[in-house]
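Two complexes come next, and they have one chain in common, subunit A, joined by subunit B in the first and subunit C in the second.
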Partner chain A sequence: MVRIYPVRSKALLVTRCLSLLACLCASLYTAAENPTPEEIGLNIARATDKRAQGYGNFTARQTMVLRNKQGQESTRSLRVKVLEVEGDGDKSLFVFDEPRDVEGTAFLIHAHKVEADDQWLYLPALKRVKRISSSNRSGSFMGSEFSYEDMGAQELEKYTYRYLRDEACGELTCTVIERVPTDRKSGYSRQVVWQDRDELRTWKVEYYDRKDAHLKTLTMVNYEQHLDSYWYAGHMMMVNHLTGKSTDLTWSEYQFRTDLNERDFTQTGLKRVR
Partner chain B sequence: MRASTALCRAAFGAVWLLALIVAPVTCAGIEIADYDFSGSIGIEGRWYPEAALFPGQRDHASGFVLEPEFYVEDSAGRSFTLAPFFRLDAADTRRTHVDIREAYLLLFGGLGDHDWELRLGVDQIFWGVVESQRLVDIINQVDFVEHPDGTAKLGQPMAHGTLSGDWGVLELFALPYHRARTFPGRRGRLRLPLVIDDDNIRYESAAERWHLDFAARYSNSFGPVDVGLSVFDGTNREPAVQLDFTPGGDLNLVQYYTQIRQFGLDAQLTLGPWLLKLEAIQRAGSLNLPGREENYVATVVGGEYSFYSIFESVADLTLFGEWHYDDRGRDAPPSRAPGTFENELFTAARLAFNDVQSTEITASFIGDLGRSSHSLAVGLDRRLAENWSLHLEAIVLLGIDKEDIHYYTRRDSFIELNLSYNF
Partner chain C sequence: MSDNLKIPLLLDRYIDAILRHRWLVLVSATLIMLVMTGGVRFIGVTNDYRSLFDEGNPQLAAFDALEATYTESNTALIAIAPGEGSVFTRETLAAVEELTDAAWRAPYSTRVDSLTNYNHSESFGDDLVVEPLVDDAQSLSDADLKRVEDIALNATEVAGRLVARDGRVAGMAITFALPENPDAAVVEITDYIHTLLDELRTNHQDIDYYLTGNVVLNRAFGETTKDDTEKLTPVVFLVILVVTAVLLRSAFGTLATMLLVMFTVNTTAGFAGWIGTVFTPINAGVPIIVMTIAVADSIHVITAALAGLGRGLDKNQAIIESVRSNAWPVFLTSATTAAGFLTLNSSDSPPFHVLGNLVAFGVLWAFIYTMTLLPALLSILPLRARRVSAERPGFFDRFGAFVIERRTFLFCFFTLLAIALAAGIPRNELTDNWTQYFDERYQFRRDTDFVIENLTGMETLEYSLESGREGGITDSGYLASVDAFARWYREQPEVSHVRAFPDIMKRLNRNMHGDDPAFYRLPDNPELAAQYLLLYELSLPFGSDLNNRIDIAKSSTRMTVVARGHMSSQNLRDLDARAYDWLLANTPDLATPATGISITFAHLSQRNINSMLRATIIAMALISFIFIWVFKSVRLGLISLVPNFLPALMSFGLWGYLVGQVGLAGSVMTAIAFGIIVDDTTHFLSKYLKARRQGQPAEEAVRYTFRTVGPALCTTTLALVAGFLVFTLSGFQVSWTLGLMVTGTITFALIADFLLLPPLLMAVDRKKL
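Entry: the complex of A and B
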């Protein structure tokens, strides 16, 4: 669910983050400490990660419109539930509403910072919970242009970072960072990320495949601030440059700090999902 | 005969209906926070290309299936699910049947560091990890007329409580009513020379179908390992089929259900693209093929391995292999056409295209390692449009050993086409 996502800020942390940024900028432009591009990249990623913390949990609806080269469309509708886990990766639950033949099918992920994620699939026709392999990082999620690794939690530890440059992005100024997945099973050799300097929101990500060909571009728009702190993109467009296919992902019905808790993200909870 | 069956069914239906009425009434006055109506309707045609072995048997089975599902939830998260099932079959009147697959009230909550869940009513329970048979899975009766693979199950009335914590998940089941297995009628294929009587069901227990069965399961995960330990004490789900006479003096096949106790183990190790699986049971009290009581051990070991994004496409290929063993050997009664699972090898491949239509092709082969019985199954699944989906399959009985009881089904290879509208 594309925790590429929505860069979120936490009010309490804003001052600290701003001062960190100020330091970063100072060091960048005055070259006082001469931090390496890797250090700058990591620092920005850390600041982004910190801002994203503290949301607790949320539920939302995702609508995906899949388009092929000829412009034929197909729709996916699913509900997402996410629980923040302190000291580990987040827990996410995807429940499918459309297409109707997979209605009620649910997909549970316990993300981890370093080791492989744990994943379960619930098949409502058999009432079966099946633990599945999380090795399929680069596979397509529901036939869309989003892969499983795009949908999973973007934990800080899953990449190494390198600062490239600053450049204008619309009316804002963006920091451009390259990140390299640490997982050898990732489908990407690297990603290039555009984030605005004010709120650390991600506006664009370019994905390069294992042969370093420019595979996909993700554009994120319609940012909204939730809980007066966290910025989440309302609309995401993923374009595959090699196949000409694209997927538009729209987020709606965001609800934060609901009564979700750990028990909704267990195997017993998975059998209860609607 | 038929009247008594109808009466039994009416009584049974009344019990269910009562549950359906009582459940919502207990919720009466509670605000409905969420509801859902979904399901599918399908038309299905099955064709048996080879001439039937017994008089009366048809070369086709065609009709339609309706599976609606109703769901209501109140503001406290309590919910009620109702999922009836209807099948109409033009060839076999026994295959035309109605069932309540699910009708249960669901409550759950927290209790200190523990979570609890209670399901009351008719439900379906799945235990196990392997793909080619249901060994530890015992709560529900098999709806055998649906498909010889034994995947379809009849709804089982139960009280099902779950308690979970850091120490694992403990589930307890009380099962107050026994469902007899469904079998094909005179015009149906995949049967013995005589039709199995579904009016006079015999039980070892004096309580007959009302014997109160108990079951429990403990499950936990240890990193990449998932383990389940289960016990079942009550009426067998697999009937012993006994030869008898009708009051009119004709030969008759009667289902007989003994009291059994089964201990089960299921485990899965998830390692990268590997899933390694084990199921094992120890069962006491059931009858073997010669009709004597015999305690036995049976197991399935195997696994699956996935190749992702093969040939630089988005398609995945998964290979399966499973070995079945039953220590009764040749005395093991048949579980499913055409196998007895006494010493069999199952291999399969599934190609998932991961396209917009979710196209999947599967092929599986199951062969007896001791006898010359083996069969092939090929399937295709594809979404045709947003609401329409297609299922095509062929079961080819390549050969059945004369020593096998399934020799009677040797001409019952079939091709099936199912077109469903999902709402």
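Entry: the complex of A and C
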């Protein structure tokens, strides 16, 4: 859930060969056999998805700084636990530390590839778990400019893809892909994603709202490699162009392959969470 | 009038030069005018109602801060009214749904709140279900419709805002984030909505749609500016043409006047373009005022020239004599008129600065053209003496005699009349109401009236209520205080709807207790409240978040009070003051005045009147000093104050009796009228003084003054009245109020100069000169 396109470097060589091959094919074969932009887009998304697999589980800390047009700031602090699930979306658990009055509140999500995600919230003041019955993924997360869809696992099946172009991004060369949410209730009409060709890390995402206006831009920096394979951005900045509000999200204290297990990600586990 | 002999000499030589090089003068003036006119294409028109306010306006600053803390509140409000009966039918709800979907695609929209997408929360066991009130209206059963109706009419956040309390009209609010310069965006948005509504009207023929809101107000602003400049300017031109033709009774004299007016107005408008002026409805009248005032200068010169011809002088001689005798008074009246208009710079509303400066510029050029182009033109045109009618001078002779004979009666009568009229001044209420700025010819006004009468009020008071600490909005004390404040507001007779944060908490508390109505109250545990809120926020879909009601630090919430019906500014300010007192007495920590568009407008004319009053008094003092200096008589300078000052008071008083509501127009009326009416006094006093200095007693001087200057004063007043009356054709309240009030003041000024000033002079000015 946390990582947006973690990438395994072992696969790098293979992909490079594949893409080289794809180029060769494109130039050698007739138009009918050329991959369409949709096919190229899907292939890159598949490759990205593939590389993200196999991390097992991890925990980390998130610090969000919200800013409004007035320059006012507010901080949210939470812990994140993520469990990889084979054949379905990941299970994630957010435990809120700040603000103080929601301390200990825990949010559990079972992401699914096609059907709506399951969501529960544990309210410590009530000592009960409440199920959130809403197919909503693109609403504001804790008043920030991030929606849980923006932070959440990019399940392959939740979008259709289209390759747009390659272009320079900083010192790297990026592939620019457009993806369209399949969920008709999504707040976005499309997203444009910049991924570098070497490691398939995402550097920038532009979000377009239902009227196709450029709503938000996400920029990701401070990438670090974990378990010698997976790249994770340490800092994510989301700017809302319509309202002038922005949110900075910092990741820290990553720990991989901890002793988390399925039971920690159940409604009963939710009550035990500290 | 000047004792200085050098000036007439210089003047004579100057006029002689002009007449000798008349073609050169004509060509040069034409070139200057054409170069200036080239700027017309750079004239901008804004439709941003914010342009009415000064950058330092405290109410606007408070409102901007509120918008920056929460979200912008540029809105379009659409009322959906089925021909008859309730909105809770499959067809109407489907129309609302369709409109809601389409509204999301409106340019610059950030949020859509409608009857159908209202996020209703319900609990089933340990599930909190948050979903739109209506999803796929066509599929609803009769029982579903009943359920939707029950929920909507009982939800505090919906009834009286998104649906009329009687269930006959549904509402939808679209919120927009506008760019820095919103002009193009406003046009784009309103065009989109109009097209949308037209489509819906064809698809659902028995449903009516009404559109209002401040974004639409902006568009109406732009439309009025265009209407007023495009439609009223030709009318004024025509009116001036007719008035001049009738009064001058000379075809070529009229032609010369119209050319002068055209030169002046083109030069001024072109200059406005070159300096990048942006017009608003407030100053759309610049060309009209410039034309009206420019005509007076040329009438004085042409009348005198025609009179000279009539006395048998040759044409050039008549022109020289006319310019010689008029140069000084025309210069003086131009200077005082410009001074009056320049005082508009102290207005708090920037469009009036533009109005003042441009008219002052126009007056200056009217003077320049009168001194150059006009004599050249008159010399070129085949000007003929008109047949002298013996009747008019005779009338003013008789009139002068009447005034001298009945001076005591007239003095008393006029003084009593002035006092009686002035007593009406307190009847005026200062009000600027943006819902009433436009008359019924504008669809904006008709739609707004419908919404106010059938759905919800349009005047809102906005509050940002601070809890004093981060996350403090779920504190029990804070919630209770805000709730009490909201309850107090709901009890006020002039309030139709209140949106307050505690209502959400009460609803959630009820949801968390199995939707038991007994738990529709504030949660008493602050942590629980914060966690309910987090749960609710996680459930809200895209575009429905609470960021427009809660600040990011969860330290303050926004409360919106909607007033019922047509509220005057006075009532709004009173309500605001009462609420502030209530806060001070009950929850001093929350005490803050209201903000918002309505409040900003409600304070506009009051702020403006204060600043304008100071400026007008300074201008009056300045002009009186000029009088004292020019007439070399303190006594006359002081006497001149009476006819300069009284007309505005009388006009305001009469307005108080007849109408009783003044806004922006009232605040600048005195400054505008003052610069113009001073001219009458100038002409009257200068002729009077000339006679007195020739040794005539006051009575004879008055008689002489009436005979010489009476017709011209009547003529110019008539032209000015005709010009300003054209403003009454405007659909913009500020413009037509200004037109009527200035007309009234100019008329009273003429009466004062004719009936009050002479008796006053005869009473006070007894000393032999």
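Keep this in mind: the second predicted complex is superposed on the first by the 240 of 274 C-alpha atoms of A that agree within 3 Å, B and C clash if a C-alpha of one lies under 4 Å from a C-alpha of the other, contacts with A are read in each partner's own complex, and residues count from 1 in each chain.
The working rule: a residue touches a chain if its C-beta (ideal position, glycine included) is under 8 Å from a C-beta of that chain, and two chains touch if they have at least 3 such contacts.
Not measured: the values here are computed from a predicted model.
Engineer: Evaluate whether subunit B and subunit C can sit on subunit A together after superposition, giving fit or clash.
Structural biologist: clash
Engineer: Check whether A:165 is in contact with subunit B, with subunit C, with both or with neither, and answer first, second, both or neither.
Structural biologist: neither
Engineer: Looking at A:100 after the superposition, I want to know if it touches subunit B, subunit C, both of them or none. Which is it: first, second, both, neither?
Structural biologist: Both partners.
Engineer: Applying the document's definition of touch, where does A:133 land relative to subunit B and subunit C: first, second, both, or neither?
Structural biologist: So A:133 meets both subunit B and subunit C here.
Engineer: First (subunit B), second (subunit C), both or neither: which does A:70 touch?
Structural biologist: second
Engineer: For A:143, is the partner it touches subunit B (first), subunit C (second), both, or none of the two (neither)?
Structural biologist: After superposing on A, A:143 lies in contact with both subunit B and subunit C.
Engineer: Under the stated touch criterion, which partner chain does A:184 make contact with: subunit B (first), subunit C (second), both, or neither?
Structural biologist: It touches nothing on subunit B or subunit C.
Engineer: Return first, second, both or neither, reflecting whether A:121 touches subunit B, subunit C, both chains, or no partner chain.
Structural biologist: second
Engineer: Of subunit B and subunit C, which one touches more of subunit A's residues?
Structural biologist: C
Engineer: With both structures aligned on chain A, tell me which stretch of subunit B collides with subunit C: 308-316, 326-334 or 398-406.
Structural biologist: For subunit B, the clashing option is 308-316.
Engineer: Report, in rising order, the residues of subunit A that make contact with subunit B in one complex and with subunit C in the other.
Structural biologist: 66, 68, 74, 99-102, 126, 128-133, 136, 138-140, 143, 187
Engineer: Could you list, by residue number, the parts of subunit B that touch subunit A in their complex?
Structural biologist: Answer in residue numbers: 34, 36, 38, 40, 71, 73, 79, 106, 108, 110, 115, 117, 123-126, 129, 151, 162, 164, 169, 219, 221, 226, 268, 270, 272-275, 306, 308-309, 314, 316, 354-358, 383, 386-387, 389, 420, 422-423.
Engineer: In the complex formed with subunit A, which residues of subunit C make contact?
Structural biologist: 65, 67-69, 71-72, 104-110, 124, 126-131, 177, 470-471, 474, 512, 525-532, 534-535, 537-547, 550-554
Engineer: What residues of subunit A sit close enough to touch subunit C in their complex?
Structural biologist: Within the complex, subunit A touches subunit C at residues 66-70, 72-74, 96, 99-102, 105, 107, 119, 121, 123-126, 128-134, 136, 138-143, 147-148, 185-188, 209-211, 213, 242-245.
Engineer: Could you please specify the touching residues of subunit A with respect to subunit B in the complex?
Structural biologist: 66, 68, 74-75, 98-104, 116, 118, 126-133, 135-136, 138-140, 143, 187, 261, 263, 266-268, 272, 274
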